[in-house]
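Next come two complexes, and both contain chain A; in the first it sits with chain B, in the second with chain C.
And now, the complex of A and B:
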């Protein structure tokens, strides 16, 4: 019963320490108050919740936390980067945008990159109705919690007919001084018509305590636009990440997402895509590699609302040691969405008997003129391939690493930014050799 | 489009041909459910003390449970006090031959096309027919008895073989398993019992036929099949009900125990009344079916053709406990009008080198919803376990839905699990190809649907395969244009 009380402790703390300045312009006070009420009644998700059937938060929310405040912003060594070229670098410390540490020198004219409190009235009126439009605070406790506590969300606004050449790189850094910290970064991205943009998210942490990030993003993809989105989730400091991304696509646009998750005590990704208008395309690729006692959970939803859209999804997992991997992919085809083509595939390699993989590919189809399929496989290293390599003088360890790398590269090779792909390959090689 | 709609309307008008009521005097218990009713059922059946105790335990447990909500089906809450839990054709003396059976009942079964007489003579199928709650007749009992095979109604088994019942009842599906299993365990009235002794290969197909006849009754039957070492049995089950406006509940349990080297094949054709085309009435078919491959090298195979019932909610499962044991699940589920089906299987791999195979075909038409929900769980010690699953859905019309919810949980690194699913409609170019060769669209559709289901149909025993194909034809008459 001790555990239960502690859970209530953190929940209570998050509810009682909630405050909102009603007079500030861009604070969405009524939305945030509604969100905290919802969180307070829902509580943290448990295994009884179908969406959290395979992922338990109990060992994490059992700990005492401090809620990240703005004052904790300190200098952070951002010299090492997974990108070689200069990018638009946006640094977030414990969920708060750190403008001094960021580099927006390459920002093209007309695009807006700033927190809600600093954007002008004209831009604010444009985005006001979009904030919170894609999230569900009534049933999703983690999103409600983020919505309540995200005091100053960050906006990326790309006006019509703009092509953003440099990559927009979000660096989420968690910092703590010997105590556990929970933080709430929140991003809103709106692209106009005929735009093109590349987004990269990377994660890092400092400090001996536990870092728990609850990150929620909303992305509006405009007509005829292209958004390429990369997430590289690798934090050797055993931090916890909840990452929900909600995307809505307009007509004839393309959104592609590539999520690579390697290290972290617990990572939960919710990736929800709504194909709201005709003629759009979605590509989702994911690679998750777990070790030790780590836990990585990928939930994706592709919701086909209108006809003539295409979606393609491939997620691969390598599960090692005593770790757990979860994949839950859902394709929804609404009654209106005729001529939909939707494909989904999930392939997993289980390397030990103490590791677990839980996969649940779902199809929910209400239109008849569609082609939809999904497939899921779970297996292990091909012993014949291992023998082949060893008979040519390659040590078992290297042979294993080679085969795993080949398995993983199917996803990594989809990354079109050369420098990013190369540095991920190097890290992957090191990771698989151990 | 207009032609398409017209054809779609035609299917919805396909009538339920088993919707007749047999006028027989019924011996029914009062409406409602309480301890007294359970005691009444138990005493009517002259059961030994341990059965009553077990029923009451199940009932008490049931009272603490809530009806599950996770299925992908919608229905108004069931009033469990508004049902009759025991209804028997009024006729008491024990029966030795068919001549003693009420001719009214016999003619009911004749209308169903399963004339006991005919089957007895021609097909050599031993039939145990259950009407409402009581087993009416069991054919071939004596002949099977020579081989040591026990095939009788559940009530007779309780009287004649209480030690077997006591040992096995609830051993695969305990009353704590789920809401409807607990309800069934408390109030079940009859069913079939089958015991195949060591090394015996049952020479004929055993068959049960279930029919709900009385109004406002729930049918709660229970089937128990025990296959001793090295034995084999093929078991068939069929179900129908007359048309009624009210929804009737059918909550059955089937338990199968396969010992070392034994093989059990269980086939079902379910054709309960699906409700009318506005979705009024019909049977709620909430069934728990599970088998356990207890011994090494044993095999359990489920085949089902589900065309009826307003709501179908069932997952015939296999627990693969013995090493090298095999579990199979073949299913065709057809839904039309407002029918809802949430069906699939569970394969639990415990032993080494266990294999399972799942082939599920769903066809949805009208305003129906058809879901496949399945679980494949490989436990840590299940070395070299192997699973292959394939579920395909065919959609006819844009007002129906097809859904797939596979759960795959793997804890062993030497196992291989594959899952595949596809959803589509009948391709226009395939239809065009058939039309071009002089086949009418309707004929062509029939051919394509039969081809789509062939992998499952060929698993059915001969007698059933014919009936199943006819049923498919009726439910999908002219369904695609």
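And now, the complex of A and C:
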């Protein structure tokens, strides 16, 4: 009963402390009001919710939280960067864009990188109908909560025929001063026709309390454009991340996503792709590694709406100690989507008897002329290979690290940005040696 | 070099080796022959430290010390090398990474500085050339997609890189055509010195035309039932393993 009461506490706090200034221009007040009503009636997801069957938030939402305010923006330790080259660095502290800590020096002319409250009317009219168009606030409580509390979303707008050479790096930093903080970063990315952009998200946290981030992104990929999207989720502090990314692809474009989740108390990723027009391609790669009692849950959906699209997905998990991994991947091929090629694979390695993986590949096909495959395998360390390496003098610890690195590198090697790939490999090596 | 006394070994409760006695001195090359299932490969595996096998009796002294105390990687560091009958494919681990890790662990055990990439490359190049192996081989994953001949050549190449003292070849001739057999044999012969000891496990006499043994032992049903010089291999080839089975049966009955 205690748990239930506390759940109600946080839920109630989030509802009662919700406020929106109806007079401000770009605040989407009616959307947000609708969203808070939805959250108020849905409540936090529980194990009874099919989409949350294996991921329990109860121990997280049991805690008292403060809702992240703008005033906490101060500074953060930026000494270690995973990129060598200068990037367009966008820093978010507790979900709020920190322009003073960001570096937009390399921003090409014409592209817009700013919060909704600061963009001009012309840009606002371009994006008005897009915001919230890819999210479902009626059934998805976490997204409804984000939509309600994200007071000033961030826009990346890339006009037609623009190639953005530098990487756009979102640094999501959570900070607390000995109290638990919940924050709601929200991003809208719109690319025009014939554009190219590379996006990187990284995560960090500071403070002795719990940092709970609820990050929602919407990405519109324009015709004949290329979007490469990297997520590097590695926070040695015990933080909690809910991260939903909704992507819609226009004709003849390519969206690729590479999500590497290395550390964190609890991570839930929802990655939803809609192939809305013909001739597009999607690549989804993921590597999730859990240890201690941590939990990482990856839900992906690739929705083939129109013909002649290709999707290719590979997620790999390394599950250690008493931790749990979840992979739930769904491919939907609609009736119209003839000549679809859709492939999905999930491969997991369990390192202990107490590690758990729940994997559920799903395929729903309503078209008849398609090539689709899906599958999941779960295994343990190959003892033959272990013996082979040891018979050449390699110690058991190093042999294990070599095999796990080889397993993980199939994903890491897909990263085309050299400095990012190299940094991740170094961190991966350190992580696997422990 | 190695002294095996009354060695008894089981796997999953089944006794495979039922009392093996064997002494191999530096500079000697011993061949172990025997029919399938006689325990030849078990002996090789136990010497290299494969963990599934349970030693239920006897002892193995290596350079005067108890070998059975050491885990597989320590045995390799002390100079024992096993060329596998079925070399293991390791996707995602390049030969270069594998060999450099192995060499540097060996060097560390000897209190030597690790080799950097350049030194390693110059060290490895010569040895690859001797084995007729292309440099691009270094970037391939260990044994992945290798032909039978390539796998065995890779084993012998690893042997030359690791410079062991006690070399065990487990059916290295199986799956080799005559050209590959010659290259592999040449690799072994070039490696023979007065300091190194060899144990060559083979089903067929053919390999011993190229790698000439000092001693030949025939193993059957977990015991060495006959020992001799290289002429024993020829006799065995001529009379077949039925002859050995008969000998063994007589020995048990007497």
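As a working rule, the second predicted complex is superposed on the first by the 434 of 434 C-alpha atoms of A that agree within 3 Å, B and C clash if a C-alpha of one lies under 4 Å from a C-alpha of the other, contacts with A are read in each partner's own complex, and residues count from 1 in each chain.
Quick note on the criterion: contacts are C-beta pairs under 8 Å (C-beta built on N, C-alpha and C of every residue); 3 or more make two chains touch, one makes a residue touch a chain.
Everything numeric here is computed off the predicted structure, so don't read it as measured data.
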item	value
Partner chain(s) touched by A:398 [first = chain B, second = chain C, both, neither]	second
Greater chain A contact set [chain C / chain B]	B
Which of chain B and chain C A:389 touches, first, second, both or neither	second
First, second, both or neither for A:31, with chain B first and chain C second	neither
First (chain B), second (chain C), both or neither touched by A:379	first
First (chain B), second (chain C), both or neither touched by A:427	neither
Which superposed partner A:251 touches (first chain B, second chain C, both, neither)	neither
First (chain B), second (chain C), both or neither touched by A:407	second
Chain B-touching residues of chain A, taken from the complex the two chains share	50, 54, 335, 338, 348, 350-380
Chain C residues touching chain A - in the complex, by the definition given at the top	48-51, 71-73, 75-77, 81-82, 84, 87-93, 97-99, 101-102, 105-106, 109, 141-142, 158, 162
Residues of chain A defined as touching chain C within the complex	382-385, 387-396, 398-399, 402-403, 405-407, 409-410
Parts of chain B lying in touch with chain A, wherever the complex brings them together	70, 380, 393, 395-425
